[in-house]
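Order of writing sets the labels: A, B and C. Residues in every chain begin at 1.
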Amino acid sequence: MKKFTSVTDIDNVEDWVRKALEIKKNPLVNNKIGANKTIGLLFFNPSLRTRMSTQKAAQNLGMNVMVMNLNTDGWKIELEDGTVMNQGSQEHIKEAAAVISQYCDVIGLRTFPSLKDREKDYADDVLNKFLSNISVPLISLESAILHPLQSFADVITITENKILKRPKVVLTWAPHPKALPQAVANSFLEWMRKTEVEVVIANPLGFNLAAEYTRNCKVYHKQEEAFENADFIYAKNWSSYDDYGAIGKNLDHWMVDEAKMSLTNNAKFMHCLPVRRNVVVSDAVLDSKASLVIEQANNRTYAVQMVLQKMLKNGQ
Amino acid sequence: MKKFTSVTDIDNVEDWVRKALEIKKNPLVNNKIGANKTIGLLFFNPSLRTRMSTQKAAQNLGMNVMVMNLNTDGWKIELEDGTVMNQGSQEHIKEAAAVISQYCDVIGLRTFPSLKDREKDYADDVLNKFLSNISVPLISLESAILHPLQSFADVITITENKILKRPKVVLTWAPHPKALPQAVANSFLEWMRKTEVEVVIANPLGFNLAAEYTRNCKVYHKQEEAFENADFIYAKNWSSYDDYGAIGKNLDHWMVDEAKMSLTNNAKFMHCLPVRRNVVVSDAVLDSKASLVIEQANNRTYAVQMVLQKMLKNGQ
Amino acid sequence: MKKFTSVTDIDNVEDWVRKALEIKKNPLVNNKIGANKTIGLLFFNPSLRTRMSTQKAAQNLGMNVMVMNLNTDGWKIELEDGTVMNQGSQEHIKEAAAVISQYCDVIGLRTFPSLKDREKDYADDVLNKFLSNISVPLISLESAILHPLQSFADVITITENKILKRPKVVLTWAPHPKALPQAVANSFLEWMRKTEVEVVIANPLGFNLAAEYTRNCKVYHKQEEAFENADFIYAKNWSSYDDYGAIGKNLDHWMVDEAKMSLTNNAKFMHCLPVRRNVVVSDAVLDSKASLVIEQANNRTYAVQMVLQKMLKNGQ
């Protein structure tokens, strides 16, 4: 397995979920297969769950871990080709990627979109330039447009908690004071499409996601309609794709609260975290038994451990 | 052992010191008991000795270590309950603590007081909110009001260096240009009370510590009087408890120097470090054979290793 | 081996290169000799290659690694003796060095020059104050005036790639928008003098290096003349030694490009990285087969692993 950057990199979601749940039962059973192997975790952006769960999973496999905050520990990275680098950036991504891959057996990379230039963001430049210049497998720890480890953990969590064979899953937009990426939402839809669920979307007018991720998905602009009969409510803010990077105004009523949850089929509540309490979701919902957010975070370990095992076992 | 946050969490100081000194003689004798266990070190504030000695101790036990600088590596943490999180903070401590404890077998946490709101600081909020939301043992790496690992190392150092069975120990306030916590001083008194010593305090008027930590302790406002016949001088600055967070003005003469040390019974000099030279203590005293500061730092490793061994052996 | 801070700390460059190349063939053969040993990597300045290659090498030997960014993770360090520390700095280098060396079996230290006070920089104060206050071996991860790990990796790379028994090596100054240290250049010359090569220097007027590093070396002020018949072109910017810290103006024509490379004997191109593309060297040269920069970075691992093996095997 050369890369894990999207659901399209794996063969069978159901099979992967089953194996990840086996890992969860006995996470140390393969604790020698990473001996003398090193994963380098490269962060252009903050991270808590991804950073810790990936370290944990790597250590469960006996791997060594090196963490780099690229913007502060190292040098400012230039992404453009052909630039005369006489300004702020100190090292080109070509060299950085090629060099780092010599010190690591697997690379994890986190990067965020600019939310200013849609075309460039959706080309997923940083990720793809790394992929072009490295000689070892790469795991996306969230890219400009996708967050596959989160989605994989989400599918694991839904599988563990579903009652119906084919539950109804609502991905609902929620308010947020800052412009956020569409990565978690895009990625969630990609993975839902390969999972036995009925997935629908609720978002305000002007906040439709890119067509490539929403095709065949019913999109509601009235949140309450979408919630009817739902088994899982997945809340997440994203900034506008159409009016690229714009945040929602006067949309506080899109917060998920108990009244809305009461419209559902006793739905479970999901969010990738970090979550802004009483903005995205009310305390009452988040602190209720319906909330799966802590378990979603727990499953991040087993999701990435599954990916690492594939990379270590299959060679490169 | 579920937590190590104060001397009140341990049964017998003398016994703990004896066992820590055994660890010091042979620190690798238990280097398998931490196998496949992970300690997560969480820093809201800077740290050198604590960071490195805790890593060292964990590695002596064969543990894995994950370090997070919470303010820069992760997300800005909200501490208050019920807040509408539409401002700067990005993740609530409830989620952060619950999530992190899923990735770790032991958590170490460092936090400092605001030195603005005494009531809130002395409620030790950050520490206690972590304790309420985690499922694994926690070690305080210094909280808003106590620094038990430092005090434990201090007791070890006094035990190693005392000549008299019951030495006289002076905790003396010393000058400092910035407002510092009372944690080291509070904690030192807590541990001294459970150690076979005579402890007295010297501090300027207006710099008495909280009564709960000083009860039964003689407090001198003339430093020279306190130093008479002392066997150990423990210097430390703290900002005012009464005029909360105020720093001392025109108190430069409280610096510990050779003239003052000559009033003692050939006392040893102690400080927790970092220390500002020629402000808190003169070069001559710090560079003399009487100074134990480097050994105090060394003993930090064995103090925390003792705590870790208790947590690993007794289960959780 | 107590320290690795300069070529003068090793006995025989040729022998060391030969052994490093053996390590490169089989880097895990000694993966037990570092068991239960800890290297502390201390950074006053950014680092990517040094940080990652040293971690990798230490892990190849089974060592534990602790990384500290001294300016941000810890306390602001005071370097001067006798200072009244009532300003910004919080901990004196005497304590910091003595304390840290108690937690580590080997220390790695990176520090940069001020480029303002030549006398102080060339006294290599930070490095030497660490050396005076530690009790374990120290590896320079680049000091104010030398970068021996880089130079050792450079000699390894030249040895692997040379065709002639005694190749001609050109160290050429190159443009850069910011004032950079002379460390890489000084150090390269020190190591070249102990290697079987003909080394010459090309730099603009006003950019001669310190005489102590250039003695017996021909210095050209016309870059093209130096390039004639060269087998290796080593490009590097440095700020002025004479007009200390001054950067070059109107010297963009010193960039290495294909036209200049065509004057050589099919020379290989070398640079220590990070490199500013189209300022120091053109894309065409850096992306050509003649470029060895990625392999130089790869050899950093084996260079530092050789040093570590010497320190671990010979005891301290």
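Here is the rule we go by: a residue touches a chain if its C-beta (ideal position, glycine included) is under 8 Å from a C-beta of that chain, and two chains touch if they have at least 3 such contacts.
These numbers were taken from a predicted model, which means no experiment stands behind them.
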{"item": "Rotation, 0 to 180 degrees and nearest 5, that superposes chain B on copy chain C via CA atoms", "value": "120"}
{"item": "Self-contact between copies chain A and chain C, residue sets same or different by half", "value": "different"}
{"item": "Distance between the centres, which are taken as Cα means, of chain C and chain A, whole angstrom", "value": "39"}
{"item": "Per-residue overlap in chain B, given as positions that touch at least 2 other chains", "value": "72"}
{"item": "Chain B contact footprint on chain A (complex, rising order)", "value": "28, 31, 43, 46-49, 51-53, 55-56, 59-60, 69, 72, 177, 273-279, 283, 287, 293-294, 297-298, 301"}
{"item": "Complex contact set, residues of chain C against chain B", "value": "36, 38, 40, 64, 66, 68, 70, 72-75, 78, 81-87, 90-92, 94-96, 98-100, 102-104"}
